[in-house]
Amino acid sequence: MVKMILIAIGAPLVAFAIGLSFMMIKRKIVARIQRRYGPTIIQPIYDVLKLLVKEDNISHGVIFSLGPIIAIAGSILAVFFIPMAGFSMLTGSGDLIALLYIMAIGSLGMALGAGDSANPNASIGISRALTLMFGYDLPLVIIVISVALQYHTTNLSDIVAAQANGNWTLWTLPLSAIVGFVVTYGALGEHPFDIVTAPHEVATGPMVEYGGKHLGFLMISHAFHIYIEIALFVDLFLGGASNILIFYLKMFAVFFIMIMFDEVLPRFKIDDAVRFYWKWPTVVALISLIIVLVK
Amino acid sequence: MIRKIVYSIFLATIVLALVMFFAAYPFGKNKMTVGEYYLNNGVAQTGASNIVTSVVVDYRGFDTLGEVSVLFGAAAGVAILFFVLAENRRERKNITSPNFVVKVGSRIIFPFILLFGTYIFIHGHLTPGGGFQGGSIIASGFLLLYLAYPGTRVSRKKLSAVEGLAGLTFVLLGLYGLMLPESSFLFNFLPKGQLNALLSAGILPIIYIAIGFKVAAEFAGIVDDMMCEVICRGGEK
Amino acid sequence: MIYYLGSFLLIAIGLYAIIIKKNLIKILIGLNLAASGVNLLIVSIGYIKNGTAPIFSKIGINPSAMVDPIPQALTLTAIVIDASELALAVAFVVLLYRHYGTLDIKKIRSLKW
Amino acid sequence: MVNLANPILLIAIPLLFVFLIAFSSAFSKSIAKYLPIFAFGLNVVIAIMIIPDVLKNGLVIATTAGFKPPIAIDMVVDRLSLFLAIIASLLGFVVSIYNVFYIDEEPEEKFYALFTLLVAGVIWMIITGDLFNLFVAFEVTSIAAFGLVGFHRDKGAVEAGFKYLVMGSIGGSFLLVGVIMLYAATGTLNIVDIAQKSAELTFQQKFLAYALIFTGLGIEGALFPLNAWLPDAHPAAPSSVSSILSGIMTTAAIYAIFRITNTIFDYNQIYFFLMFFALLTLIFGEVAAFFQKDIKRMLAYSTIGQTGLFFFAFTLHSTNGLQGAFMQIINHSLSKSMLFLIVGGMIMQVGSRNIDDFAGVGRKMKVSAFFLAVGMFSLMGLPPFFGFWSKLKIIFAALQQTNILMVASVVIILLMSVVEGAYFFKLLQAMFFGKPKQDREIKEASLGMLTAVVVLGLILLFVSFYPTPIIDFTHQAASDLMNKNYINLALKLGGL
Amino acid sequence: MNMSLELLLATPFIGGLLTYIGGKVHRWVRNIFAVLFSLLTLGEMSLFYNTTFKGDVWGSLFGSKLILQTNPITWLFLLIVTSISLLVIVFSVDDMKHEEDHIVLDSYYMQLLFVEGAMIGIVLAGDLITFFMFWEIMSWTSYFLIVHGGKKSMDAGYKYIIMSIIGAYAMFVAIAMIYSKAHSLVYPDVALVLSQSSPTFTIWIIILLGVGFFVKAAVMPLHTWLPDAHSEAPSPVSPLLSGVLIKMGAYGLFIIFYGLMSANLAKNIMPSIFSTPVLLYIVQWLAALSIVLATFLAIMQEDAKRLLAYSSISQIGYVVLGLATGTSLGVAGGLFHALNHAIFKSLLFLAVGAVIYRTGTRNLSDLGGLVKKMPFTFVALVVGIIALAGVPPLNGFVSKWMIYEALLQKKEVFLLIMAFVGSTGAFLYVYRLVHSIFLGQLSQKHENVKDVPILMQIPMWVLVIATVIYGIFPGLAMDVIVKGMKMFGFAPIAYNLYGFPQGSTMGALKVINIASVLMISFVVAWIFFLLFSKSRKVSQYDNYAAGQVVTPELKYNYSFGFYMSFGRVIKPIFKISIERIYNYWVDAAKIFGDYYMRRVYTGNLETYNSYIVIVVTIAAAAVLLGGKIW
C-alpha cells in the first residue's frame, strides 16, 4: 500500500525530473553544436520558476486556464502507463492501444485551452499540431502493431519483460525501431517537425497567448512529454530497464542521438511533413510489419 | 416509299396468315353447330319466321342491347362534340337555297319514306329488315328534309325523349323476364302467335319497333347535330 | 372463295390506308374499308353452297338448305357499330379541323411523349 | 319473385339508367346528375348480394332469353369477375358522387349518360360469357370512352379522342376478326363452348386468332406498344373519367385477355410470349412517367406501368402469380382511381396540370393530399399499404421459378419500382414541402368530391391493414383460374 | 407478458395517432402526448431486460408466420431506439417551436413516433416479412422527417428515399428468393434453408441483403445519401437518423451474419482470409474504407452537421468492422460501439442543434466563442467529442479498444491500421467542431445568445451522463451483449464491470483506473495551479497581433479552411467522387430513357397505328413460319 502511494507520488516526480534534465541538457548541447556557449545548465529551471511566480497572469477564460492543467494531468496519467525501470505501475489497467490515446489527452487539453485564446496564431498552431499528429500517427500505429504482434501481447510490461537478456526489439525489428525513432521527432515537435511552434511564423503557435504560470505549466508539461515519448521508445525497442539508472542512460542515449540530428535539419512545411510521414516511414514500417506477419 | 413497301409486305403477311387459317374452313361448307339449332328450333321457340331476327332480338338479344347502347353512345358523343352553348348559337335559317325540285320532291317523298321505314321495322320478324334498317330509313328521310330545308328544326328534347323511351322499353321488357319463373333477361313472355302473322313472335316485334324508333331518333339526332355544326355555330371560330 | 380473298384484301387495303395515308378523311375511309372487309368476312363464313336466306316465309322450308343465321346477325350488329364509330370519328375530324386548321395527320401532334 | 342476385342486373340496371337519363333530360336537366348514383348504388348492392352464391358454387351463370348458354348469351360470374365487377360498381358509385360536384360543363346530361354507359360497358366486359358479346361490350366501353375523352372539346381532348378512336376502331376490327375466326373454327360463340370445341385444334391453328384478339384487347388494355393512345386520352378526359379509364377499364380489357388466354389458349408458349409484352409495358410506362411534366399524364403512364406489372404476374402462370396479379389489380384500381379523383380536385384549384404548379398544394388541401400520399404509397408498394402485399406476392411468385429469366424480370420490376418511387416522391415532395408559386387562393376540394375520395381512401386503408380476406379470396380466385374451374363449373352448372 | 411485445410495438404507432389528434386540441396536449408515449415505450421496453422470447406469432401472410421475438441483443437495440427517441422528442418540444404551421408540427411528432415504432418493429421482427415491412415503413416515415428541414432538405430527402428504396428492393429480392425455397421466413427456417442450399445461393442472399443494410448503414460506397440527409434534416431529427436509424443497418448485418447464417456456415461455403470468410472480409474492408475516407471528408467540412454526418459514416464503419470480425470480442465491440455511437452522436447533434437553435447557423466559420454564452452546451459537446474521438475514459474509447483488440488478435493488421488512422483523424475534426463553435472570437451578432432552455438541456445531460457511465462501467453494457451473444453461439468473453482483464484480450483494460488517475492528476494539477497568483481575465481582443489593433469589427478568428494544408495532402483522394459516378449514371439513364420515349411516343397517329399492324404482323409471321419464332 505504502509502496503504491510512493510510486504514485514518485513516478511523476521522477518523470518530471528526467524530462527537465533532458531539457537542460538539450539547450547546452544545441549551443555547443551551434558553437555557442549556451545558457547555464539549469536555465530551464529558472525559466519555469520565473514564470510560475509571476504576479500578473493573463487569462482569456476558464477553458484557457484549464488547458495547461489538462495538459499536465494528461501527461501525468500517461506516465503511469509506461513501465519505468521495473515498475509496471498501471499497465494492467490499460495496454499499448489505450496508451496511444492516453498520450493524446494532454495535447488535446492544451489545444482546447489554446483555442480559447481567440488568437489566430494559436489556432493555426493547433491546426498544424493536429495535422502533424495525424501524420506521424500512421507510422507510429504500424510499429506499435508490429511490436505487439512480435510479442503477442499489447501489455507494455509484458513487452518489456519479453526483451529481457538483451533480446531487444531493436535487433529483431530494426526497421520498426528506425521508424519509431523518426516518429519520436514528430511527437516531440523537434526539427524538422517544429512547424507547430515555429516562433518566427506563428509566434510559438498554440502558446502564443500563454504567459506567466500558464506558460510555466506548459513547460512542465513539455518536460513530461519528453519523458513519455522517449520512455515509450525505450520500452518498446530498447528492452526497458530494471533499474532507474540504466533506464536513464538508455533514454539519454536516444535523446542524445536525436539532438545530434535535430539541430542540423531545416523545417518541413506542414503538408510536406505529413507527406513525408506517410511516405517513407510508413512504407518501411509496413515492410517491418509484413516481416512480423510472415514470421 | 420504303415505308409503303415494308407495310405492304407486312399486310401481305397478315393476309397470307388469314388465308392459311381459312384454308381449313373453305367457303360454302356447312359448319354450323349453334346455327343449326336456331334453324331447327327457332320457329318453335321464338315464333319469328325470320331466323336472323330471332337471333338478333331473342337468342342474341343482349348483343342488340349493346348495339343500341353503342349507337346511343355515338349519338351522345357527337352531341357532346358538336355542342354549342345556347348563347353562342345562331338562329337557324336557310343558308343555302336548294333546288326547287329537291324542295318539292322531298315534301312528297318524306311521308313515304317514313311509312316505308315503319313498314320495315314492323315486319322485321317476318321479312328481311328490322329496327336498324327501318330506323335508318326514317333517319334518311330527316336527312332529306334537312337538305331541302336547312332551317328545319327538330326538337332535340323530343328526340331525346323518344330515344330514352325506346331504350327504356327495351330494357324494361328484358327486365320483366326476370320477374317470371324462368328468371331470364329478355325472356319472350308474350304468346308466340301464328307463324308469319304480323302479331306473332311475342316481344320480338315490340323490341324491334322500339329499336326502330330509337335508331331513327339517334340518327336524326346525329344528322341534326351535324347540320347544326354547319349552321348554328355562331361567332366563335 | 373470292369473298374470303375480297374481304382480306379489303381489310388489307383499309389498314394500308390507315397507316400510309396522311389525310384524316382518308384514314376514316380506310377504317371503314377494313370494317367492311370484316363484315364481308363474317357473312362469307356463314354461307352454305346454294343456301337460302334463313326466313321461313312458308311452312315446310327445309332448314338444312339455309345459311347460318348467326353471322348475319353478327354482321348486323357490327355494321351498326361501325356506323356509330364513323359518325363519331367524323365529328372528331370536324373538330380537329377547327382546332388545327389542317387534315394532315402529321401536323396533329400536340400531345406526345 | 325477382331474384336480385342476378349478374345480368349488373348490366341491365346501369343501361336502364342510361336510357332513363336520356329520357329525363327531355324534362329536367338536374335529375341526370343524380341518376348514376342510384344506378351504381343499386349495382353495388346487387354485386354484394351475388357474393354468397359465388362463394357457395364458385360460379353463377345468368341466362338470357330463357335459353341455355351455348344457344343464348350468358353472363358468368366467378370469383375473379365478381371482385372486378364489385370494384367497377364501387368505382362507378363513388365517381358518380364525385361527378355531381365536379362536372360543371355542358352538356351535362350527355356526360352522365355516357359515363353510366362506360361503367356499364366495363362491367359488361367483365361478366360476359360470350365472345361476340365481349366484342359488343368492348365497343360500348370504347364508344362511351371516345365521347368522354373528347368531352372538353379543346385542342388536346379532340386530338386525344381522335387518336383513341382510330386505334380503338382498329382494335375492334381485329378483335372481331379474331372472334369470327374462332366462330369459323368451332361454330359457336360461347367462351366455354369454344374452349371445349377448340381443344382438338393445334396451337398453330389457333394462334392467329389469339393474336388478333390479343391485339384488339391489348389496345384497350394498354399493353405496349399498343398503348400509345392512353397517355393522351387519360389526361385529356375529365378527371372522373380518367379515374374510371385508368382504374377499371384497362383492367377489364386485361381481364378479358386473362380469361380468354386461360380458357381457350392455355399454352405455355403463349405465356412466354406475353411476358415480353408485360415487361416492355412495365418498362416503358414507368420510364415515360418519370419524364412527365403533366400530372395526369404522369399518372396515365403510371397506369401503363402498373398494367405491365399485373400482366407480368399473370404471365407467370401459377396460382401465386395470379393471386399477385389480382391483388395488384385491386390495389391499382382503388389507388389509381382515387389519385385521379384527387388530382382532378387539385387541378380545379390550381388551374394547371403542370407538376411545378402543384408545389405547396399539399399544405392547403390536406385531406386530399393525405389520401394522395396513401394512394401513391400503395402504388409504389410501400408497407403497410396494400400495394406492398401485392408486390410481395408477385415477387414471391416470380422467384418461385428459379431461372435466370425470372431473376432478370424481378430485377426489372424492382428497378421500375424505384423509378416509380422516384417520380411519385418527386411529386409528393413538391406538394407537401414545396413553396407555392402563385398567390392563387387554394382551398380544399368541395365536400362532395372529398367524400368520394375519402370513401375510396378508407377502403384502401381498410384492405391495407386487414388484407387477410382479400388474400384468401384472391387465392381462391387464382386457384379457380388455374384449375380451369371456369370451364368445369360452367359445364356443370350451365349444362352445356 | 406475451401480449406485451405487440403492445410495445403498437404503443408508438397508437401514440403517434393520438399525438396527431392531440395536436388538434392544443399544442401542449400534443407535446405531452408525444413525450408520454415515448416514455411509455421506454418503460415497456425496460421490462424485457434480460428476457428472451422466441416466436410470438402476430399474424401470418402467404403461409409464412409473422413473428415477434426478443433477446438481449434486440434489447440493446431497443434501448438505443426508445431512449434516443424519447430524448429527441423532448428536445423537439422547444426546438421545433418556431414552426408556425400546426399541421406540420402535429405530423412531425406523429412521424417521430412512427419512425420509433418502425424501428422497434425491425428489431423485434422474428421473420423477414415483418422485418422488411417495418424496414420500409421506417424508410418512408424517416423520409418525411428529413424533408421537414426546408428547401435543401428536399433534395437530400429525395436522394435518401431513392437510395433506400433501391437498397430495400435488393433485400426484397433476397427475401423472395428465400421464400421460394423455404415457404417460411421465420429466422430459424431461413437459417436452415441457407445451410442446406448451394453456396452460390447463400452468397447471393447475403450480398443482396447486405446491399440493403449497407445503404441504410451508409457504408461506402452506398453512403452518398447520408451527408445530405443528416445535415439537412431538422436538428432533432439528425440524432435520430445518425444515432439510431443507421444502426438498423448494423442490426440487419448482425442478423444475417450471425442470426441467419449459423456460425460455421460462412466458413464452410467460402474461403477464408485471416480466418475470416471472404465475404465478411470484404465487408470489413468496405467498413475500413468508410472509416478512413469519411474521416478525411469530415475533416474538410465547413458545416457543423455535415461534419458530424461524415463522422457518422466513419463511426458506423467501426461498428460494421467489429461486427464482421466474427470473433466474440469484435462483435461485442461492434455492438457496444453501436450503443456508444448512438449516445455520443446524438449528444453531438443535439448540442449542435442547440447552437443552431440560438444562432441560426451551422456554418462553422460564422460561429465562435460561444463557450462564454452557452457553457452547458459546450460541456455537452466536449464530452461528446471526447467520446467520439475515442479518448479514455469515455465510452467511445472502450468499444473502439475492443475492436482494435479483436483485429489484432486476428492479425488483420491493415484493417487495424485504417481503423486507427480514422480515429486519429477524428481528433482533427472534433477539435475543429469545438474550436470553431465555442472557442475563439465571439462575433458581435452573438453577443446576446443565451444557453438553451431547460427542456433542450435535459436530453443533453442525460446523454452526457450515459456517456460517462458507459465509459467507466463498460460492464453494464457487456452484461447484455455477452448474454445475448451467447444465444448466437459466441464464446463468452471475460469482462468485469470496469473493463477487461487480460485473458480473452491481448491487453487489459480497467477504465475506472484511467478515469480516477486522470481525475486525481487533474485535481492535483489544479490545486497546484491555484497555488500561484490569480490570473486576470482580459477581453478577447486583448491579443498578440503583431502590432495590429484588434477591434470587434475584425473577423479575427481562424476557422475557415481550418485544415487547408492537410487538404492539400489528401487532395488526390477526392478526385474520385462516388456521388459523381452515381450522378453520371443516373444522368446517362435519364438521357437514354428520354431519347427512347421520344422515339416511341411520337404523337404521330400513323406511327401508333403501325405499331398495331407490326404486332399483328409478327404474330402472322409466326404462324407462317410454323411457330418457329420463339
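Letters A, B, C, D and E mark the chains as written, and numbering starts fresh at 1 in each.
Assume a residue touches a chain if its C-beta (ideal position, glycine included) is under 8 Å from a C-beta of that chain, and two chains touch if they have at least 3 such contacts.
Computed from a prediction, not measured in an experiment: that's the story for all the values here.
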Chain labels contacting subunit B and also subunit D: C, E
If a chain touches subunit A and subunit D alike, it appears here: E
Of all other chains, the one whose Cα centre sits farthest from subunit E: B
Pair joined by more contacting C-beta pairs (B-C or C-D): B-C
Most remote chain, CA-based centroid, reference being subunit C: A
Whole-Å gap separating subunit A and subunit E, where each centre is the average of the chain's CA atoms: 36
Euclidean distance of C-alpha centroids - subunit D vs subunit E, Å: 43
Distance from subunit C to subunit A - Cα centre to Cα centre, in angstrom: 99
Separation of mean Cα positions, subunit E and subunit C [Å, integer]: 67
Numbers and ranges of subunit D residues touching at least 2 other chains: 132, 136, 139, 143, 146-147, 150, 153, 158, 161-163, 166, 170, 177, 184, 189, 208, 231-232, 288, 291
Numbers and ranges of subunit C residues touching at least 2 other chains: 11, 15, 18-20, 27, 45, 70, 74, 77, 81, 84-85, 88, 92, 95, 108-111, 113
Numbers and ranges of subunit A residues touching at least 2 other chains: none
Complete list of chain pairs which touch one another: A-E, B-C, B-D, B-E, C-D, C-E, D-E
Of subunit B, residues touching subunit C in the complex: 3-4, 7-8, 11-12, 14-15, 18-19, 22, 25-32, 34-36, 38-40, 42-43, 49-52, 54-56, 60, 63-64, 66-67, 70-71, 73-75, 77-78, 81-82, 126-128, 130, 132, 195-196, 215, 222, 225-226, 229, 237
Residues on subunit C engaged by subunit E in the complex (per definition of touch): 15, 18-20, 22, 27, 105-106, 108-113
Footprint of subunit C on subunit E - complex, ascending: 597-598, 601-606, 609-610, 613
Subunit C-touching residues of subunit D, taken from the complex the two chains share: 132, 136, 139, 143, 146-147, 150, 153-156, 158-163, 165-166, 169-170, 172-173, 176-177, 180, 183-184, 189, 231-232, 236, 288, 291-292
Subunit B partner contacts - residues on subunit D that touch it in the complex: 1-3, 6, 8-9, 12, 15-16, 18-27, 62-67, 70-73, 106-107, 110-111, 113-114, 117, 120-121, 124, 130, 132-133, 136-137, 139-140, 143-144, 146-147, 150-151, 153, 158, 161, 177, 181, 184-189, 193, 197, 205, 208-209
